[in-house]
Amino acid sequence: MLYSLAGKKEGKIYMKKLWSVFLSTFMLLLMMTPIAFAATEEVPKVDSGDTAWVLISAALVFIMTPGLGFFYGGMVRSKNVLTTIMHSFFIVGLISVEWIILGYTMAFGDDATGVIPGIIGSLDKIGLAGTAGQIWTGTSIPELAFVIFQCMFAVITPALITGAFAERVKFKAYVLFMLLWTIFIYNPMAHMVWGGGKLFELGALDFAGGLVIHILSGVSGLTLCILIGKRRGYGKLPILPHHLPMTVLGAALLWFGWFGFNAGSALGANELASSAFVATQAAAAMATVSWVFCEWIRNGKPTTLGAASGCIAGLVAITPAAGFVAPIPAVIIGLVAGAVCYFAVAVLKNKLGYDDSLDAFGVHGIGGTWGALATGLWATTAVNPAGADGLFYGDGNLLSAQVISIIVAYLLGSIGTFIIYKIVNAITPFRVSEAEEISGLDIVEHGERGYSHSLMTGESLGVQNDLTKTN
Amino acid sequence: MSKMTKIEIITRANKLEELKSALNSIGVEGMTVSQVYGCGLQKGHKEVYRGREYSINLVPKIKLETVVCDVPVDQVLSVSQKVLCTDQVGDGKIFVYTIDNAMRIRTGTQGTKAITDDEA
Amino acid sequence: MLYSLAGKKEGKIYMKKLWSVFLSTFMLLLMMTPIAFAATEEVPKVDSGDTAWVLISAALVFIMTPGLGFFYGGMVRSKNVLTTIMHSFFIVGLISVEWIILGYTMAFGDDATGVIPGIIGSLDKIGLAGTAGQIWTGTSIPELAFVIFQCMFAVITPALITGAFAERVKFKAYVLFMLLWTIFIYNPMAHMVWGGGKLFELGALDFAGGLVIHILSGVSGLTLCILIGKRRGYGKLPILPHHLPMTVLGAALLWFGWFGFNAGSALGANELASSAFVATQAAAAMATVSWVFCEWIRNGKPTTLGAASGCIAGLVAITPAAGFVAPIPAVIIGLVAGAVCYFAVAVLKNKLGYDDSLDAFGVHGIGGTWGALATGLWATTAVNPAGADGLFYGDGNLLSAQVISIIVAYLLGSIGTFIIYKIVNAITPFRVSEAEEISGLDIVEHGERGYSHSLMTGESLGVQNDLTKTN
Amino acid sequence: MLYSLAGKKEGKIYMKKLWSVFLSTFMLLLMMTPIAFAATEEVPKVDSGDTAWVLISAALVFIMTPGLGFFYGGMVRSKNVLTTIMHSFFIVGLISVEWIILGYTMAFGDDATGVIPGIIGSLDKIGLAGTAGQIWTGTSIPELAFVIFQCMFAVITPALITGAFAERVKFKAYVLFMLLWTIFIYNPMAHMVWGGGKLFELGALDFAGGLVIHILSGVSGLTLCILIGKRRGYGKLPILPHHLPMTVLGAALLWFGWFGFNAGSALGANELASSAFVATQAAAAMATVSWVFCEWIRNGKPTTLGAASGCIAGLVAITPAAGFVAPIPAVIIGLVAGAVCYFAVAVLKNKLGYDDSLDAFGVHGIGGTWGALATGLWATTAVNPAGADGLFYGDGNLLSAQVISIIVAYLLGSIGTFIIYKIVNAITPFRVSEAEEISGLDIVEHGERGYSHSLMTGESLGVQNDLTKTN
Amino acid sequence: MSKMTKIEIITRANKLEELKSALNSIGVEGMTVSQVYGCGLQKGHKEVYRGREYSINLVPKIKLETVVCDVPVDQVLSVSQKVLCTDQVGDGKIFVYTIDNAMRIRTGTQGTKAITDDEA
Amino acid sequence: MSKMTKIEIITRANKLEELKSALNSIGVEGMTVSQVYGCGLQKGHKEVYRGREYSINLVPKIKLETVVCDVPVDQVLSVSQKVLCTDQVGDGKIFVYTIDNAMRIRTGTQGTKAITDDEA
């Protein structure tokens, strides 16, 4: 479990108010806070091995976001490669600053004295005030290590959304949307699930944020791509990936970083981290194979893009489960993830007709949903005593909790995104004009080209010899 | 041997698919396309690198070449003009040449028969 | 030494049966098991620092395999870039699953109760059964950390082979071959050398698998490329690297990951790991310089591909020696590795006329052989008390043991590959047709192009406007 | 503080001889040695967590240098991409060997018995003699771990310079210059600042080498680019980046590795490392945003190259301060760094008219200067008791010390570079001929092309069918 | 001034080296090559991206242009046809034009002498 | 309808900007540029990959095409020759053709008016 707060396991799952759940989003959101357990006895001393592991994990999660930029960037047309990479790269800057100043205290500030207790934490940690020299409760790492590990999560979540609206949005609207979304959707969500004061002990398990991060971003992406509309020519003109090696590079960096994402979420270098690491590799590997075999059977060709997509599907699905399941269930989770996500992007999307450009929903939304359910099936206290037993280990309560959590995430993601979209669009147009879309956003929005060169001559062709503004 | 004419169409890259379909529909099947940079009335765009601005005045275009004999040149011109015209500067030009001879490499056939594809 | 099993050093090297060695491959294989020593006293407690180091090392070794894909991918023609990258990327999926289900138990299952004691371990760890909660013998890391670190080794070994047959094999045959090769060649080899029950104490030293991994894959690659035949036009038509920056990226990721490969093989964050890290950098750096100088002298140009190739040659050569030699010998090992491998690929290959496309044998086979010999020359107990003294430290036995081991690896690699090739080729053709080879495997085998775009227009050119199958 | 030597803090700052400072570079150099403190009590035992952290940090810093190759390589014209990447990649080989054989002992050999006490250490550690089995003073890591961590710093410093003279120097001159510069400028500087025997306790603070590494290399680059002269056509013909995604990749790898650079400089996995990690992310993120906003306002376009450049500016500026400042000052340091460096490259450079091709001075020189000053403003003993209080915490002495240090670094960098340039140029010409510059250095100097392929056909076009020398 | 003729050969990319040698052997030294996409009887191929299939019907080809005067056009045609013919659809076409004038930039020479390379 | 002439200039890539300016200065505004490989007297270069040397004999060039009617062909030739001549082998060639017709797609105008840009 990602954030082990001090406290004793209270296995009782509150399932009574299932109906009231649908009456109020607010209530539901509060209910998402999982039960928190003390994974380690509280020893208020920094352990160098645990700290080394969490710090390097933070670095690993960091590299995922630029990696995502390449994963996405290779899939768009070359006229939009920079804007797509920028959507991931710039967010690292934007959201890290937001996190340090505001986000961390909103998410992990004290709950009891919080702005809205249960939803938004106390603001007394604004600018990370008071975090220096502290040890994060229930762990043996400095709070600052926890702050920065968490920062990387806050960064990648909105970046995932950008795959849904690639090749057609204005940079200004993107900046505004991402800032608002992080502040008003992500931070409260993180507080309720991980920073919350045990107000509601629904009992949902989410080891490394599969539920929160992947479902939330996937659903937000889906909502947004429907609101913004399809790319010009989508379904009629060809829109092909311009650089698949770049996409594979992105996938490799994502996979690499995901070890920090999942195994780092143990917040220590121990048996649990090792177990989560194995589960991560098991699911990613199996999903790679299963996606490739699915398309091999269906289209007659095993593709490289399929392998790159498959591993991400597996990684997404194992994220909530990584610290709760044994290796063989992890393999099965990956097997299903590869197949389910393949069908989501290859069949479902075309059937439904929305233009989720780079399949943010198809991979993160669907994969995250499957992973959250699978956690309810295969979680076992044999792997993690601080977790719970899933359906296949004799207890159905966890699965119910997972289902409710999923519904909440879908509601929050879609409603929240809808509102923020409307606000942003009222301030500045979200979508580029048709002429701009044809020209490509790199030139229009950023005044750059990804590859402004001639492969043959090695010169910069096509530039006037008077440089207009050289100050 | 009736006259063989080469028609060279320089136009916007994003119009290629439409143009190809339109030409196919009047019986022009064979064609050769290349990527070119155009320069004319159409203005280019500005780029910025580390605060320095550059004017890019070569605009990416495509050049489609086709040699016809049966299909009337005028028809090719009018059909192309219809699908390509956007009324915006930069729609491009069509040039028409007479060619002396043609050969289909596969068969060694020369003259107009070289480009009449029904024999394949 | 990579796998410190509990036990006391027994320096006696069994050299008597040198002739019988050639009578039976089987016998020889058994003899490869090196003596195992207790590097640390058995403290059955997980150490967080050691665990952090092994886990991050596993992540580092992971990134090597995609890195290899880019290293190789940049060297082929652009029409084969994806298939080449896929050969490395897909194997991460395929072999990780194999390892978790079957490979680990074959390699590290109990020897005494093994399927074939001394060759294949007991299958009671199928699906990693019984590994959770265990500490790996002789270390202070969880067994699961050891499992996943080892997994990455099993993954990269077959991937190395793919360089030998690039640009001409069918994907189906590749999948089949790799699976069979890993199960029937790699797993037994790993068991005999690292997982074996001290049946035969030949005394060969192989710190991080230079012998097993590099010689074995290099020789297998050589065998395979001879069996499959040259690429069409090889030696007559030009076949040039299409993207050298991609190759340098691959080399950089390999070098980066190799720190985990070698220093991680200490299985702890200690003096030995630091020493192996230094030796790794020393040899890689020196080999980079020496390869470049060799070609500067011989061809008049110091090349970038030479620098990228040189560092790999050095890394390969230091792999078996990393934990046994001092810094200056490491520099010498690198110096020779750069020169020897350069001559192997620039002179020897052309003389002999086989088409080892990307020099899997020239770099890994030759470099690995040199490294295994060099270990017999410069190993010293001053660096690693659990090791042995080499020829230059007064003891010739180690060198003899290294020579025998090398011969065994050559025999196993070539004979094993020959047999598996014949089996696979009987099931499905290994080689593509001439027309397919001309078209390029990306389109033919995977239905993709690496770069389906126009650099100038940024559009996806060349695609019909009716999308034939959009479901 | 990077190198915590044993000893007690002696806060007295020797400011008296401000004038004599300008009389003798020699004297000034000696004065740069900062006061050294015992950050940890001397426990002569290796800590596995600290060792794991320093080793992985070494690997992280390693990847920065190839990363720099891509950062720079993407910004040149495609005809010079390989030579530019090679400038960074080859230096890893060259300088690592130099470091192991000579550099380490020059920099960290005993001062009292040094070649020139106070400037060059004793040579008794040549070839790393006597380092095995030692623990680095004042830390709990093996000396060999310290050796290799330091090695990566020695490697990247000269690589930074190469950005200043990209696209116009001969490879031979580059090799010679880099070797001499490292031996005669870098090694003594490192000794005086970090390896010195507390001879002069000026009191300047430089946590991870921002002053030494970035100012020194930036100023050396500036000097060199003025001496070599502008690229042909600079300011008249267009010279555009040929591959911005490659530049972003480089920036991402640099940022990733910089966590090891800064947080690794704590030489342990502890509170200080966590704090430095947070400060690093804070400054890099804010500078990314501020550079982009500056150009958005000034040129009307937020660019991807701006984002990639901004993060580097922030990372450079926070380097000397990382272990001394709180998060919010780190944000401010980044804010200013992004803006100042943007104006340096966009306005100042054009005004002054020198051709610092890839802005080695504009980013590293200017950013480093700002960072060194900022350390004098915001350093606080609340963050690092072994540090000092800056101006904003009530003490002006530190700022004065920083200013003097900066002046020394400028003098050393410029004078040293001038002398070495003259020597090298007398031996072999530094600059290529005009015809060579037009052809591009990849072909002329290395006999290679970055991309020798046709995107359309996937074939290697343009090669004669007789291979002239195939031996 | 004898007649100058431009011959334009559109064919498979992998045949370039052979064609060049064959032309060299009959005295054609100067030539200009470009990369083009062809469209005709030859079918393209299918590509698949995330389960969606696309028909690629522009086939990569090369276009070789050479202006000759001394070497007989017929010889160029027959020699080219011989090396390029594979009997498979897609071998390509050869087009022949008359040109009015030529100039060698280096010397300023115009007419047939501009393309007769023995003067260099 | 006065005669329309196509002028095709094959020359070094790094001369493009100069050539463009020179042509603009004599009233040639419209032009189309493509990237080509040239082969002639100029020798290529050697490349080395893993110790093996290759001779690259296709030299990157650019091809600039412009159709003129008002501007005298001779002037285009002489101006181009002046800016492009370096006296080194490899300066390139200029070829001149007559064309039959031209059309400006945007307006549908045919003949010489199609390429006279003052109407825009």
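In this document, chain identifiers A, B, C, D, E and F correspond to the written order of the chains, with residue numbering beginning at 1 in each.
One rule holds in what follows: a residue touches a chain if its C-beta (ideal position, glycine included) is under 8 Å from a C-beta of that chain, and two chains touch if they have at least 3 such contacts.
The structure displayed is predicted, hence computed values, not measured ones.
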Worksheet entry | Length of the shortest touching-chain route, chain D through to chain F | 1
Worksheet item: Considering A-D alongside C-F, which chain pair is linked by more C-beta pairs in contact?
Response: A-D
Fill in: Inter-centroid spacing, chain C versus chain B (mean Cα positions, whole Å)
52
Worksheet item: In whole angstrom, what separates the CA-based centres of chain C and chain E?
Response: 47
Worksheet item: What whole-number Å value describes the gap between the mean CA coordinates of chain E and chain F?
Response: 18
Item to complete: Could you list which residues of chain A touch at least two other chains?
Response: 47-50, 52-53, 56, 237-238, 240-241, 243, 249, 269, 299, 301, 303, 305, 346-347, 350, 447-449, 451-455, 457-459, 461, 463-465, 467, 470-471
Item to complete: Going through chain E residue by residue, note those that touch at least 2 other chains and give them in order.
Response: 14, 17, 20, 33-35, 37, 47-49, 51-54, 58, 97-98
Worksheet, complete the sentence: Seen from chain F, its contact residues with chain D in the complex are 14, 17, 37, 44-49, 51-58
Response to the item:
Note: in the complex, chain D contacts chain C through residues 46-53, 55-56, 58-59, 62-63, 66-67, 69-70, 73, 81-83, 85-86, 89-90, 92-97, 100-101, 127-128, 132-133, 141-142, 144-145, 147-148, 151, 171, 243, 246, 249, 269, 445-455, 457-460, 463-465, 467, 470-471
Discussion item. Which stretch or stretches of chain B touch chain D in the complex?
Written reply: 47-54
Worksheet item: Which part of chain B faces chain F closely enough to touch in the complex?
Response: 5, 9-11, 34-41, 58, 61, 63, 73, 77, 80-81, 84-98
Worksheet item: Contact residues on chain A for chain B in the complex?
Response: 237-238, 438-439, 443, 447-449, 452, 461-464, 466-471
